[in-house]
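Shared chain: chain A. Partners: chain B in the first complex, chain C in the second.
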Partner chain A sequence: MRFSIIKVLQLAITLLACAFLLVPAIQSVLAGLTVNYFKGVSSGLTLKWLWKVWELYADSVFLSIWLALSCLVCTIIIGVPAAYALAKNPGWISRILEEFISLPLAVPGLALALALLQLYGTMQGFRTSWSFILVGHVLYTLPFMVRSVLAVLAAIDLKTLEEGAATLGAGSLRRFCDVVVPNAMPGILAGALTVVTLSIGEFNLTWMLHTPYLKTLPVGLADSYASMRLEIASAYTLIFFVMIVPLLTAMQWASNRAQRISA
Partner chain B sequence: MTNQRFLLICLLPLLIFSLAFLALPLMRLFLASVEGASGWAVYLEIIQKPRYLSALMQTVLVSLAVTATALVISTTAGLFLARNRFAGRGVLLSILTLPLAFPGVVVGFLIILLGGRQGLVNQLTPGHVVFAYSTFGLFLGYLYFSIPRVLLTVMAATEKLDRELEEAARSLGASPFTVVRDVILPGLGPSLVAAGAIAFATAMGAFGTAFTLATNIDVLPMVIYTEFTLSANIAMASALSIVLGLVTWALLLIARSLSGTTVAAGG
Partner chain C sequence: MTLSLKNASKTYPDGTRALLPSDLVIETGEIVSLLGPSGCGKTTLLRIIAGLEKPDEGTEVWFGSDNVTRLPVEKRNVGMVFQSYALFPNMSVRTNIAYGLKMQKRPRAEIDQRVEEVLTLCRLTPLANRAVTALSGGQRQRVALARAFAPRPRLLLLDEPLSALDAALRDSLRDELSDLLRRFGITAIFVTHDQNEAMAIADRVAVMSDGRIEQIGSPENLYRNAGSPFVARFVGNAMRLGKVEQGRTLSLEGGQLSLPDDGTGRAVYVRAEDVCIADDGQLSGRVESVTFLGTHYRIGLSGVTGTLLFSLHPGASAPKPGERVKLRIAPEALMLLTEDTAHP
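Let's look at the complex of A and B:
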């Protein structure tokens, strides 16, 4: 039957694609836990590479978490009120502004980093501090927060809700805090998880902005790929996977939830 | 406090941040590109000097190949997963979307594990099969992070398709193949173009993967990087960045106008 042949072919391609994505990831996990990767898993399993990585690169893990959380705070402070203002004034100016702040999604991180370096590279105190990397991360993740909140705000009947609150005597700030923010929560949550996930995995900008004393997790990974033995590089990658996979799963769950609300 | 003024205050942090860290730096980047020894001619140099032109061509060719392959694989898998319910479907879907959050460097490393000197293929096959550090390795790396992006766009579009059209075609005697060719693919058309544009733009701008893999492959982001760090040719690095940025931005603008999706062009 032709029907089943097509289905089998489709399934085969799907499985092949899965294998292509999964096999090297499993290899990496195994390599990080094997005593000697060249001899294979038969040489025994060990946690010593993970310990070694922790000794060498623990700082990079903490710096990445710290950056991701700071980035989250910044994107919330900048992004949530801005999304509200944009939702209240849906005109061409808002569209252009939204388009403009979304540039970092489209323009490669390398180009943005060069731009930042050339303008601020000579300010020594700023250039060598962690806040320089933070600026890059906020730049890159901010559009996700704004768009995520904006999508939810555009879907609910903001006008009626606010009018209701206004009739009861609530001022602008009160309405923002008590009406807008709670209603935008699914969007803020989805945006927040996206921001943290992307910040922890960001490499292209960070590689150009970092200094030898400030290595984030992905920068440390690149360093270990270039200079460490395969087992250590793999164990380090394993630590990254353990951090990023739950975040990604939570991010997808929250985004789907926010999308159902705004649909 | 009037309402308009409150809204302006809401917008203020965003305005200040994007002026200081986006608008001004981009302007500086543009000025730096024309402040070099050759002035505006730096943009002419990109197409005149073989080194830059060949890098540009190579980047476009690899990106095109990746786009085409990712479209074929992800559309097939996406349609299959969107139209069939079976045990293990969720697991397959998770596997296929997992690499979304992998930075380009990690993808590069995974390709080295697959096709590097100590890679899986080299261990399993007789002889010396190493492809990670070649253009093919780069292609596989880009494919690795393109598959999830295209898949998600295709699946989102498939869910919006009117299934009754397919039923109608089937009841009129169309074979499954004809249904796909004449009903589903035309319906997916705009989303496929959008997904293709996303994949292409991502591949064009990918730095991390090339950085890990490519010791001697001249793709555009690597050329920009070496011009900036090794040759200190700031003007050329800036000019190439602007050209690259304009291309990827235009492509993603097209993608968004066709499908309304937002996917980060990392990698």
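Let's look at the complex of A and C:
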């Protein structure tokens, strides 16, 4: 097949765009593995920077994972029933509530964090515990869970399905567990994917809320860029990649699977 | 179990009166159809019986000797087949059918046995482990019926169970549904807007219009002794000939018609199958349209009444449009009905 000029141009632009995105990432990864970045790759490859990062920031890795999982649990416990209530009672009050839940998306993370600090900053035990950051993360990620579940619930004939279960003798709690949750699963999974990724990558809010003893991955990254050698910061980025990519893939797989089942 | 409704009514918050106070008694094992056009209150009545709709104050719903008016739907033990079937997409055919029994907290062995029984009865055994999303419309309908019937409900309620199917399938499934309901031997109420469906399945038909039960009776009784113009028109498509001024004759554009009885002040209705084209007819009209329907012709006639009058003509050949023909209507085929001013 003969390539027309347009085809060639398309290919060139695509490759350029890919290069534009990928080259810095590859360079950063390489920098994390190079003995001396200023001398270039010719100075040799090493894993010592990675080890150094692990020594310095292992706590951040575990804290971030712990925060993301706790945040996921909280958003599921609050978000799924909330989405269910919104789906069951459509009307202007629900619309307003839905917008209200989504407000943290529009308000800058810094402002949100400032408000939290003003309100709870004086409660010493709470201010210095990881749960303070968790509150911020839940506030920020909750709308994603609610909207994702709500979208699925709106697409199925929830009312009739529940009436069907009710005529078969199921009370409201059983209906929620047997009918609502399983049928909302694709939405819950898609929401979970977003929540975990957002929580692990969240910087704005967390940077305001963290204490020197509680640094999440992105806060640690900022810290390493500011105060360490460039090689260490780059190695840190590599660790970030290694952590988040399999997580993203696994959750993408899970949500695709759920969608196939429900289709 | 005898179902009795006393004074059942429903008014929506916006003031719409979906159901005017109605009484209804349904005997054990009876299959009753609620028949009427959309918006007549038939589905509302069914949902009040199920407990899915909160009726107005003063309504009483009795299941045998239990007053269930205040009992929520999940405690009433009724089986319901929804128009859209409402099968749980997250469960297989078998788990859908077992769900009601599971809610009754029956022992595992008993549930399995009952599910097998119902699967066999509804000829669903080969599909037992399929996902409900992988079934055809007719199969879904059978699963919905099996699911409603498995927990041995006191009453089976069906909301337009055939309307989600295409026309070709509907006719064959109508007979199948009728057969299954009779084999179940259960009191059943089903809502439909299709008179053929109601006639084919039900022991008794309650014809509803504008939130009221107009007439209730066996299909034959409704067909032969329609009590109101609405019932005559809805069951068997009766046509209005005209109103009697005085005595035992009806004067029409196309001639005089003698009546079986004194019809002063009443309207005369007739069905198309009772309008015969015959040379010795008392009436005359002009052929406007001829439609061939296989077993007979449907002939539209003008000049008999104010509007087009139809005749079902069984002959091997039919008159051509434009021809003048004589019509005969046997006096006993005429229905003399009192017209309600509110329901002309």
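The rule we apply is simple: the second predicted complex is superposed on the first by the 229 of 263 C-alpha atoms of A that agree within 3 Å, B and C clash if a C-alpha of one lies under 4 Å from a C-alpha of the other, contacts with A are read in each partner's own complex, and residues count from 1 in each chain.
In this section, a residue touches a chain if its C-beta (ideal position, glycine included) is under 8 Å from a C-beta of that chain, and two chains touch if they have at least 3 such contacts.
Just so we're clear, the structure is a prediction, and the values are computed from it rather than from any experiment.
Asks: For A:Phe240, is the partner it touches chain B (first), chain C (second), both, or none of the two (neither)?
Replies: Only chain B is touched by A:Phe240; chain C is not.
Asks: A:Ala31 contacts which: chain B (first), chain C (second), both, neither?
Replies: In the superposition, A:Ala31 contacts chain B only.
Asks: Determine, under the contact definition given at the top, whether A:Thr197 touches first (chain B), second (chain C), both, or neither.
Replies: first
Asks: When the two structures are overlaid on chain A, which partner does A:Phe20 contact: first (chain B), second (chain C), both, or neither?
Replies: A:Phe20 sits against chain B, while chain C stays out of touch.
Asks: According to the stated criteria, A:Ile93 is in contact with first (chain B), second (chain C), both, or neither; which is it?
Replies: In the superposed model, A:Ile93 contacts neither chain B nor chain C.
Asks: Please indicate which partner A:Gln10 is in contact with in the superposed arrangement: first for chain B, second for chain C, both, or neither.
Replies: first
Asks: For A:Ala58, select first, second, both or neither according to whether it touches chain B, chain C, the two together, or no partner.
Replies: After superposition on chain A, A:Ala58 lies in contact with neither partner.
Asks: Looking at A:Val73 after the superposition, I want to know if it touches chain B, chain C, both of them or none. Which is it: first, second, both, neither?
Replies: Neither: A:Val73 stays clear of chain B and chain C.
Asks: May I ask you to decide whether A:Gln118 touches chain B, chain C, both, or neither, giving the answer as first, second, both or neither?
Replies: Touch status of A:Gln118: first partner only.
Asks: Between chain C and chain B, which one touches more residues of chain A when both complexes sit on the common chain A?
Replies: For chain A, the partner with the higher number of touched residues is B.
Asks: Which chain A residues come up in both lists, the one for chain B and the one for chain C?
Replies: 171
Asks: Which residues of chain B touch chain A in their complex?
Replies: The touching residues are 1-3, 6-11, 13-14, 17-18, 21-26, 28-29, 32, 73-74, 76-77, 79-81, 84, 92, 94-106, 108-114, 118, 120, 140, 143-144, 147-148, 175-177, 180, 201, 204-208, 211-212, 221, 224-225, 228, 234, 237-238, 241-242, 244-245, 248-249, 251-253, 262-267.
Asks: In their shared complex, at which residues does chain C touch chain A?
Replies: 50, 52, 72-80, 82, 84, 86-90, 99-100, 103-104, 133, 147-148, 151, 157
Asks: Across the complex, what residues on chain A touch chain B?
Replies: Touch list, chain A to chain B: 2-3, 6-7, 9-11, 13-18, 20-25, 27-28, 31, 37-38, 77-79, 81-82, 84-86, 88-89, 97, 100-112, 114-116, 118-120, 135, 138-140, 142-144, 146-147, 171-173, 176, 197-198, 201-204, 207, 218, 221-222, 225, 230, 233-234, 237, 240, 244-245, 247-249, 251-252.
Asks: Along chain A, where are the residues that touch chain C in the complex?
Replies: Against chain C, chain A makes touches at 156-157, 160-161, 163-171, 174, 178-179, 182-183, 185, 261-263.
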